[in-house]
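Below you'll find the structure, written out as structure tokens, and then a few comments.
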Amino acid sequence: MKNSAILLIQCPDRKGLNAAISDFIFRHEGNILNFEQHQTVEDNLYLARIEWDLQGFRLDLEDFPVTFAPIAQRFSIQWRVALSSYRPRVAIFVSRHDHCLVDLLYRQRTGELACEIVMIISNHPDAQRHADFYGIPYCVIPVTRENKPEAERRQLELLRKSEIDLIVLARYMQILSPDFIRNYPERIINIHHSFLPAFIGAKPHLQAYRRGVKLIGATAHYVTEVLDDGPIIEQGVERVSHKDALEDLVEKGRDLEKVVLSRAVRWHIENRILLYNNRTVIFD
Amino acid sequence: MKNSAILLIQCPDRKGLNAAISDFIFRHEGNILNFEQHQTVEDNLYLARIEWDLQGFRLDLEDFPVTFAPIAQRFSIQWRVALSSYRPRVAIFVSRHDHCLVDLLYRQRTGELACEIVMIISNHPDAQRHADFYGIPYCVIPVTRENKPEAERRQLELLRKSEIDLIVLARYMQILSPDFIRNYPERIINIHHSFLPAFIGAKPHLQAYRRGVKLIGATAHYVTEVLDDGPIIEQGVERVSHKDALEDLVEKGRDLEKVVLSRAVRWHIENRILLYNNRTVIFD
Amino acid sequence: MKNSAILLIQCPDRKGLNAAISDFIFRHEGNILNFEQHQTVEDNLYLARIEWDLQGFRLDLEDFPVTFAPIAQRFSIQWRVALSSYRPRVAIFVSRHDHCLVDLLYRQRTGELACEIVMIISNHPDAQRHADFYGIPYCVIPVTRENKPEAERRQLELLRKSEIDLIVLARYMQILSPDFIRNYPERIINIHHSFLPAFIGAKPHLQAYRRGVKLIGATAHYVTEVLDDGPIIEQGVERVSHKDALEDLVEKGRDLEKVVLSRAVRWHIENRILLYNNRTVIFD
Amino acid sequence: MKNSAILLIQCPDRKGLNAAISDFIFRHEGNILNFEQHQTVEDNLYLARIEWDLQGFRLDLEDFPVTFAPIAQRFSIQWRVALSSYRPRVAIFVSRHDHCLVDLLYRQRTGELACEIVMIISNHPDAQRHADFYGIPYCVIPVTRENKPEAERRQLELLRKSEIDLIVLARYMQILSPDFIRNYPERIINIHHSFLPAFIGAKPHLQAYRRGVKLIGATAHYVTEVLDDGPIIEQGVERVSHKDALEDLVEKGRDLEKVVLSRAVRWHIENRILLYNNRTVIFD
């Protein structure tokens, strides 16, 4: 397994940033494996992801904040450092459609997703047997209009106790309240089964069918308080034709949703995503 | 060149339709080259495209309506017959962006589009030299808010005199009035530079850029009186990333628009499109 | 569930074929749901798939051969008739890579694949637990250079006892002998992890990596006696870059292989495939 | 127009490379716009592209080699520096198929390709009028088996006189001799109308048609002395079906070839390509 550190950076662009950061890592004897940086034209922002080998690196990452502080202050850097060896703790929310859940579980097991799937939370008991197969706790918390605040309170308690880093809504059909969302800013990923911003809201496949589109889509995005409006992480499309009935759209959608959601989760886990202006930067 | 007839049919589904139609063609000694028919599940409609070789066909196509009438009446058929040898007369409307225009002209010349491009109408003189190169009349009709009715009157006059069958809006940046459109129902094809119904209206690339989408699109559709709402004929998408500035989206969009529009025009010309419920059936 | 019959036809093209076949179905009061026919330009072949509703059809399908014989003889038709309600009996062969197996099992359970998966045969015990989860018999038959004839004899015995209609090689890493293949002509589907005919044979991902391709592929095909040379059913590709190490190609390949193989299996099961000249016709 | 310098680097990976290079640019008061670097896993190579703003840069690029030499020697760096303001001088070779030629000419005119197209060399007179339209010298040099060495001599003379930087074979149907190629190492780009390494050599569309593939491809690559074996720059594919005759493959191929070739030319012109081990690195 790769034992590396990843530094994500955004700040106003200024001369000397690359030199200062590269030099900092070199001074502590880190070998940079990957340095990706670009400047945005319209906002004049400096955006970067730097990954270096920790073998031989002579700075304890716990001391990184203090040691890096002078540079960070000089350049007004917003930064985040992560270890590739750290496996984020993930909770998956699911309702009745279990294709994304099963796909994520399989990918985690094959090593494609370097995370711990700590729990599955559902408003239905249906997917229990998949959870059992992979040996993951499955918590059924029914949600109705009346009990929603209480249900969310219970969900949050579970998440906190398990120190969850990332929530994945794998076709979870309930809308989370703004209060809930504020607990996990930029840490809830949803899959919407349309090409956003087309077909926001309920029943996007039916909307797409009625509009007679020639391609259907899927969009993975961070959840914000405005429905289906958060920063887009990944999108995909698949061709459909007049021969496709609504249920064919649903079926074709499933393959899309699995691929699009799993990519988004992976990029989040691998610390490849930066956010600015309600948009994502994906370092690949 | 293929010398064939094409029959497009829609009607309520009933037993015996295929037999009646096949038999009709066989009785007049036509050899069917292609028979494509399907039944829509939700509306129980019969939709079909039949193409047969005219060599040896013993019915003059001018007599087709009368001879076919008994079958048409028995099954309440809406039909249209066309000759593959007939080259539809096309007018292209263009403004300043000339990439779709140039692409269509080139494809027509190589034989990919079996039509006559009879005239180019523009509100700007810019594309004149391309028209000259291909030897096609280029009519400049400036359009302002004030003169729009008069401009459309002149356009319609030109179109009628030249007996135009199809109008292609190849990035024509003026919105046609409902009055104009009613003269050419299901005979005006537009290219919109987004994945409809996302980013309807003006500056779709800017809208897409701001929303931070990961794919940009293009949509060819028939023009109806509601803006960007007509039946979709074809759509395409292309991947973009955070590195793409607005002008990169515009550039990537150009390739999409060319391919998507030229396919739509071709399918129309080859009589492959049926319309029902504001949707298209594309027989391929 | 749809209760329909499907007739697949190939023969030399002649006038009157559509009329004769449509009339035959109509005379027995069948309602045609879907009629797709085309004539090949270079071979002058008539190729067709006709699907009709069995509700009200007044001919027992067991009597179809005798009743249809006069038409078949008149036109020298090669034909095959199938019931959409019949669920083909499938055996899946797998080695260590279980992604295609797991994918097929899941799709069968959700109803996407209208077949019975009767058994899984493997030369390794690794995938047993997936078989158990879905309640499908899992037969381990180790294969070595020495015992191969004996192993194939045992495999064939199992297949015959279970009256298998279709064999799916879901990343089965053994090459089947010509003798074995002759028992199941046009009834063994393999997934090859390259874009055939590029990278035939062993380790296609390594070959692709070394050649520096920008897209990797997967190909589902019928197995014939010549390695990787059978009729291609479906192909797919995925973009790769210089950043992708060999193991990234393998990972990206998995998603491709699942989608490409499952489509091929589905088309076979739904009687959408005709073969001629070592090529497939896919009626969609 | 962007006034920047681009530095392309490859060398054995070692600690301190990023720091040394960034610091060098910073010391001369360059502002880095884009820094992309990665380490190859299997060869342990350091590969990088660095672009910086020349505004305020206090080193004349003519002095770059001498000033940068100490760093280059310390790290055994192979490097190349280029100016974004320099417009490479391009010669296009073409035979009868003119779609790629016309496409490149149009893109150059719209500003998409920041180069000078200095001349067009052809073994046929057919494309003369396109050259005239864009005002570019068109040189007809017929090639036969007998006169080939003489023809190449004349071609080379023209290229040298015009100080050509890049040769683009835009469906040029003659095979260049090794002697010719050695004059322009890594500076001849060819478009092959297949998905290499499938269908090497003559008539790839016919080969593809006969094999019954479901996708056709196109490949842009640098020309080396081994036919169709040079480093691949870009590839694309397009879906085909059993309904497509050979001429349909040719037509679909044209769209592919235009897009794939123009991307390759653009990346070369924008100094985005590094070569190692007969493979390309594309910095995007």
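Letters A, B, C and D mark the chains in the order given here, with residues in each chain numbered from 1 onward.
The working rule: a residue touches a chain if its C-beta (ideal position, glycine included) is under 8 Å from a C-beta of that chain, and two chains touch if they have at least 3 such contacts.
In this text, all values refer to a predicted model and were calculated from it rather than measured experimentally.
In this structure chain B contacts its sequence twin chain D using mostly the same residue numbers, the overlap exceeding half. Chain centre most remote from that of chain C: D (centre = mean of CA atoms).
The centroid of the Cα atoms in chain C and the matching centroid in chain D are 41 Å apart. In whole angstrom, the spacing between the mean C-alpha positions of chain A and chain C is 37. Contacts with at least two other chains are made by residues 38, 241, 243 of chain A. Taken as a contact graph, the chains are fully connected, with every chain touching every other chain. Within the complex, the chain D residues that touch chain C are 38, 41-42, 47, 195-199, 211-215, 217, 231-237, 241-243, 245-246, 277-282. Against chain A, in their complex, chain C makes its touches with residues 99, 102, 106, 110, 112, 129, 133, 241, 243, 251, 255, 259, 284. Contact residues of chain A toward chain D in the complex are 13-19, 21-23, 25-26, 29-39, 48.
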